[in-house]
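These are the structures in question, set out in turn.
Two complexes come next, and they have one chain in common, chain A, joined by chain B in the first and chain C in the second.
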Partner chain A sequence: MVLPLKLLFQLSVRNIFRHKRRNGMLLAAIVVAVGAVVCTSSLIRGFQYDMADAAVANLTGHVKILAPGYLDDPNIGKSFELAETWRPDVADEELAGWAARVRVPAVIMSERGTRGVQFVGIDPAQEHISFIGSVAVEGEHLADASDGRILVGRALAEQLETGAGRRLVIITQGHDGLNRESGFRIAGLYDAEGTGLEKMFVFTGVDTLQKMVGADVYTEISIRLRRDPVLFQLKASLVEFFTGLDVLNWQELEPQAAAMFVFADSAFFIWYFIMMGALVFGLVNTLVTSVMERVRELGMLRALGMRSRGVVAQVVLESSVLMLIGVAIGIATGWLAVLSMGDGIDLTQWAEGIEAFGMRGKLVPVPLADDIVLIGLMSVVLGVVASLYPALRIVRIKPLEALRR
Partner chain B sequence: MAEAAVAAGGRGARAGRPLLPAVAWRNLWRNGRRTWLTAGGIAFTVFLIVFSMSFQRGAYVQMIDNATALLSGHLQIQNRHYVEDKRVEQTVADVSRLVNRLEGQPGVESVAPRVEAFALVSAGERAFGAQVLGVDPERERRTVRFFDRVAEGRMIEGMTDAVVGEVLASNLGIGVGGEIVLLGTGKEGGVAALALDVVGVFRTGIPDLDRAMVAAPLAMVRDAFGLGDEAHTLVVRSAEVTESARLERQLDDWLPAPLIARNWDEVMPDIRQGIEIDRIGGYFVYGLIAIVVIFSVVNSFIMTVFERTREFGMLRAIGMRPGRIVLMVQIEAAFVWVLGAAIGLALALPIVLWLQVYGFYLGDEVASMVESMYVPARLHTRMTPVALGLAPAVMLVGTQIAALIPSLKIRRLQPVTALRAEE
Partner chain C sequence: MGIGAICLVAVGVAHGEPAAPDPHELIEAAIDHQRSATSYSELRMLIHRPDWQRTLSIVAWTRGLSDALIRFTAPAKDAGNAVLQLDEKMWTYTPKLNRVIRLPFSMMSQDWVGSDLSYNDLSRNDNVLQHYRLAVVDIGEADGLAAYTIEAVPFDSAPVVWGKEDWVVRDDYITLSQTFYDQDLKPLKRMETLEIGEMGGRIVGTRMRMSKLDEDDHYTEMEFIDMDFDLPLEDRLFTTFTLQSGSVPTSGRDG
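Right after this comes the complex of A and B.
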């Protein structure tokens, strides 16, 4: 006797409803497990993307072109010239933007204090690809590439006890190796959410800085893409174009962030399997009971000619249906939890502690469709695997024995 | 079956054992598979939480130890105004007397006075801004391990010696044997200038230190910046880092007016916050795992109680009070918990204790990732009463509640209808 699938399905569903309390409780466990995984995995993704984004926005870009040796010894001697007409060889729809900069170590002084900083010459029109293009500025932002004023981080300004409109003196090494000293007026103070960036970078127009160091050169080109996949192809074309220069991608420039990015991927799977490990004991327990109390009933079906395969199919189907319902409600619950977090969990209370992990003040959950589908599929597979043990156990009992129980 | 259980209980009672626990214990083995699966879930939770909590505790202790031992010490004594606004004139006065008196304080192991200033450090044509520390090498060695990090060359000995951070040295294009000039602003606003010989290069793994710090003899830096018997920070080492919070309060009461003692967690809020957020995240995860497992324990007891409706009806019919039956089920739950917790601990303890002694290597990638948070590459777990006891305690409460949910039904049981229930 081969039961049609539809009948098998009906049997499974009815069996589930025979024990509402028990299966309801099992369902609750599945919902909590799946919901927790969906919710936390989107937080893990949120952390991962925020961190990568911060690393890329931190004047890094997806790909960066540098003079050889600049990373070990950043100074204006390690620079290169760039033709006015140069554009990255990337299709417009792939390219988020690019920026050519001069970045040199410098000492900045007010009448109140002295600090060491990175002095960066930028073209503000190109900087929508980095954090400085989107920060809030008290006072004015730089107007263009020939702006002769400077943009200073709020935290640095506090240390130097200065403010917008005031003057600071900056000393840096010129292209000829001699130190140059020059006074600058502060256009505005930028607010990088209290991160270390505020103390690290001081900005001015790129033309201004080139004039100060006395050479029409750049120290870096930073390129940002819309998506990662074109990265390798782009890097190859750049290596060819900029012979003799270093072409590096963000993983090479920010190895700590790249390692953390990979680690977050495994954290997702570790967390999933721990949660499902916790669930599996209860799942098997319930399935075994539900099968064993039907020993007589299943024995009868087999005595009437149902194949062992049919019995196994029925048990597996029952478990899968339970799992499917649980997964559906679980995903919905997880999704609601993600929605309830709105625009993120405020972590500014721990701002200094999380900065070491490359995170910013807010943890915004990023639910990925791929992850959720994967969680759903793996959970249903788990349901099938968990039901194999009780199913195979029951077909090992001979129909006659089963009927006598 | 029920008769057997009661009879068994009776025998147990005759042998001098309390009746209910004996019956409960036998009941567990009427469905051994279920008992083992339920206990397995509890064991899984206990194992996982005990292991990860010991792991976290170990990491925290080593983080705090590394972070305090590197440079900043267990406690710092500073002028209150210097904490708010790091100006060179906001000093601790009369340092030599204060250091001597401090060392007489109970709980203080050693004290190292430091002058801190910002200066332009130049070598040849290159110049970078950096933090300058004026240190007493003898006292520093007793207080922190900073000088162990001198990777190249040696520690400060002579009066014109200086050690510089690895990145700063390479940015300046110098190594051991090089000469540097420090230029800063002195206490009275005059120029502070100092020429030093680089005798060592240190590598701490902390970007701020490696990139922008120079250490030189205390007397030289004081002289250059126009300071007398003064310092900006007195770094204090207590006997144990766990003692430092208590010592902070003790010193705060004792110190004269503008001076305050600051515990390491105020000096390095990033470490405290990092630990806090990791701890919160941990409890969140453990809570979820415990909830999922407790649900399945509830389920297991729903099934047990349901299957035994007839049996309970009969026990009621022969005169057992419902409270006793509920108690019996609670004892069964306690036994399942004992099994689960024992297995979980039996699995976790050897691993945790082994790793507490020998530690394990995190791997280069992870190590480089956490280096700046002072987490060592070789981690040792740490068994604490909380790490050991929390998970079993939570699961005990959880299993008791789990068993109570279905067994409350027993109170409403009508013996006659119960006896008619299908088996």
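Right after this comes the complex of A and C.
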């Protein structure tokens, strides 16, 4: 027999409106929970994407070509030559850019301090793919690949008590294994979001650094794509081309960031189940109460011939309708909250701390349609599951017993 | 050239001295005067701070501009600690660790045993000859002798952190002072010769003081007790083996 759905739906809705205050409270709880989940999930996504983006922009790129052993012992000996005409074998619309660099450990000295840094020779024209291409610079940016000046992070300049226009001494190992030292004038101070990068990297023109180490070689090529899928295909073609060199993708280069990326996926579900788990108990409680007050009424309906599954359907519908309304308003509220955060939460105050998580100074929420649909669907399913217990409980009472209460 | 040079010549003439000598030769001779082909010295080093001070006894051998062996002999806590310099490379030895450690370049600008001297001050005084533009900027008088003030400005790509150095060298090649400036041309530290006397058959500075100028009451004084020049030194003195074994101090003097 087909269930009289229209009738059941009418009964459910009327029952909901019979107890306006009680169901209003429950609705409010659902709205808050769903709204909070939408809001936090977009923040978690924001964190996740920011971290991946920072990892890729941090001179890594989506794919990197390195000499074998460079990661274990980064020095100019672990380098390779590159033909002038080389370019990655990727369609232009897939390729965001690529850069060939020399990156060596070095010691940098001012009158008042000495620090260890990564000394990176770059071609500024290629560096729109990394953070150094878009940072704010006090003073001047490097002009071209043969610029003989250096670009120093603001935090490092503060440690060394120096500034734009001053000279610093840099010592590094030459290609022949002997130390090279030279004075460099500071072109400008760059402002990366986060002091870790500023303390780690000192930049100069790649030609200048090649001259200093005494070899026309590179230690890395970094390639950035517009989207991920071409990655595997590109990696395969690079492995073939650069025989004898290591070709690594960003997950391999930044395993911590890659692990955090995966963790953020699960964090979304963990958070969802904590919020909704608490809510479900409230929902079950309310439904049990509302069903138990209607024992006689439901007993009467069954005595008149309504099947027990009809009764179950009625309770499930009641819960689902409540949940659907709650979810709709909740998602709308959450969405508004996300919008109100606008272009992000400013975390620069805690820059040092959040850097440990590979994040930058600003947390921009990223609301994903997929996530929101998933939240809605799972909530409705939870609503159905939660109503099964009260429904089955009422069905277990025999109609005669029910009428006699 | 021009007016500046004429003024300098005029000053020189007024003192009855020859015109300003070549600053390059002057500094080379001054460094050579203190170290000679080989040298042996015994000295006391006083490290002074506002709230404490301590004295260390040192013996040192040098050969040319590039090789040196420096060993602490007292107090007991520091005795046996030693530094070996060969060209640009430096090693330290600590008896407590019984280990020779090659100093990385990054440590060369750090203070040596808590004094106001850096490892660079120990080893690289002569780089002023290579990496700086030298000019005699003033000719004064000290103890009846001409004293030349030489301004040394590092070349742009020179591996030198200072803004400039000022040397004051007396006519008999005794360095009276050496001042290091930062790149704002603010003086940061100064090495002064406080006493001059005869030792090892020549007139040399016998008490020198390195002061930090941006910190009050921070200085390190070196007082020479005995010096000897151009003595024969065995090659094995300047090896890490000798650095570690510490076997030479008694025999080195007489070679």
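We adopt the following convention: the second predicted complex is superposed on the first by the 400 of 405 C-alpha atoms of A that agree within 3 Å, B and C clash if a C-alpha of one lies under 4 Å from a C-alpha of the other, contacts with A are read in each partner's own complex, and residues count from 1 in each chain.
In this text, a residue touches a chain if its C-beta (ideal position, glycine included) is under 8 Å from a C-beta of that chain, and two chains touch if they have at least 3 such contacts.
Remember, it's a predicted structure, so these values are computed and weren't measured experimentally.
Student: Is this a clash or a fit when chain B and chain C both end up on chain A?
Tutor: Verdict on chain A: clash between chain B and chain C.
Student: Could you say whether A:185 touches chain B, chain C, both of them, or neither, answering first, second, both or neither?
Tutor: It touches chain C, and chain B stays clear.
Student: Is A:26 touching anything from chain B or chain C once the two structures are fitted on A? First, second, both or neither.
Tutor: A:26 contacts chain B only, not chain C.
Student: On the A-aligned overlay, A:387 touches which partner chain: chain B = first, chain C = second, or both, or neither?
Tutor: After superposition on chain A, A:387 lies in contact with neither partner.
Student: If you stack the two complexes on chain A, which partner ends up touching A:350: first (chain B), second (chain C), both, or neither?
Tutor: Touch status of A:350: first partner only.
Student: Quick one: classify A:168 as touching chain B (first), chain C (second), both or neither.
Tutor: Touch partner of A:168: chain C, not chain B.
Student: Does the superposition put A:60 against chain B (first), chain C (second), both, or neither?
Tutor: neither
Student: Should A:114 be classified as contacting the first partner (chain B), the second (chain C), both, or neither?
Tutor: Both partners.
Student: Counting residues of chain A in contact, which comes out ahead: chain B or chain C?
Tutor: If we count touched residues of chain A for both partners, the winner is B.
Student: Clash-wise, after the superposition, say which stretch of chain C runs into chain B: 99-107, 135-143, 171-179 or 225-233.
Tutor: 99-107
Student: Please identify the positions on chain A that touch both chain B and chain C, taking each partner from its own complex.
Tutor: Of chain A, residues 107, 114, 116, 171, 179 contact chain B in one complex and chain C in the other.
Student: Once bound in the complex, which stretches of chain C touch chain A?
Tutor: My answer: residues 88, 104-107, 109-110, 154-163, 180, 182-183, 188.
Student: Using the touch rule from the top, collect the residues of chain B that touch chain A in their complex.
Tutor: Contacts found on chain B: 33-34, 37-38, 40-41, 44-45, 48, 86, 118-120, 125-130, 170-171, 173, 184-185, 212, 269-277, 285, 288-289, 291-293, 295-300, 302-303, 306-307, 365-366, 368-369, 372-373, 406.
Student: Give every residue of chain A touching chain B within the complex, in rising order.
Tutor: Residue positions touching the partner: 19, 21-22, 25-26, 28-29, 32-33, 36, 40, 72-75, 105, 107-108, 113-117, 159, 171, 173, 177-179, 255-256, 259-260, 262-263, 271, 274-275, 277-279, 281-286, 288-289, 293, 347, 349-357.
Student: Under the stated contact criterion, what part of chain A meets chain C in this complex?
Tutor: Those residues of chain A that touch chain C are 107, 109-112, 114, 116, 148, 162, 166-169, 171, 179, 181-185.
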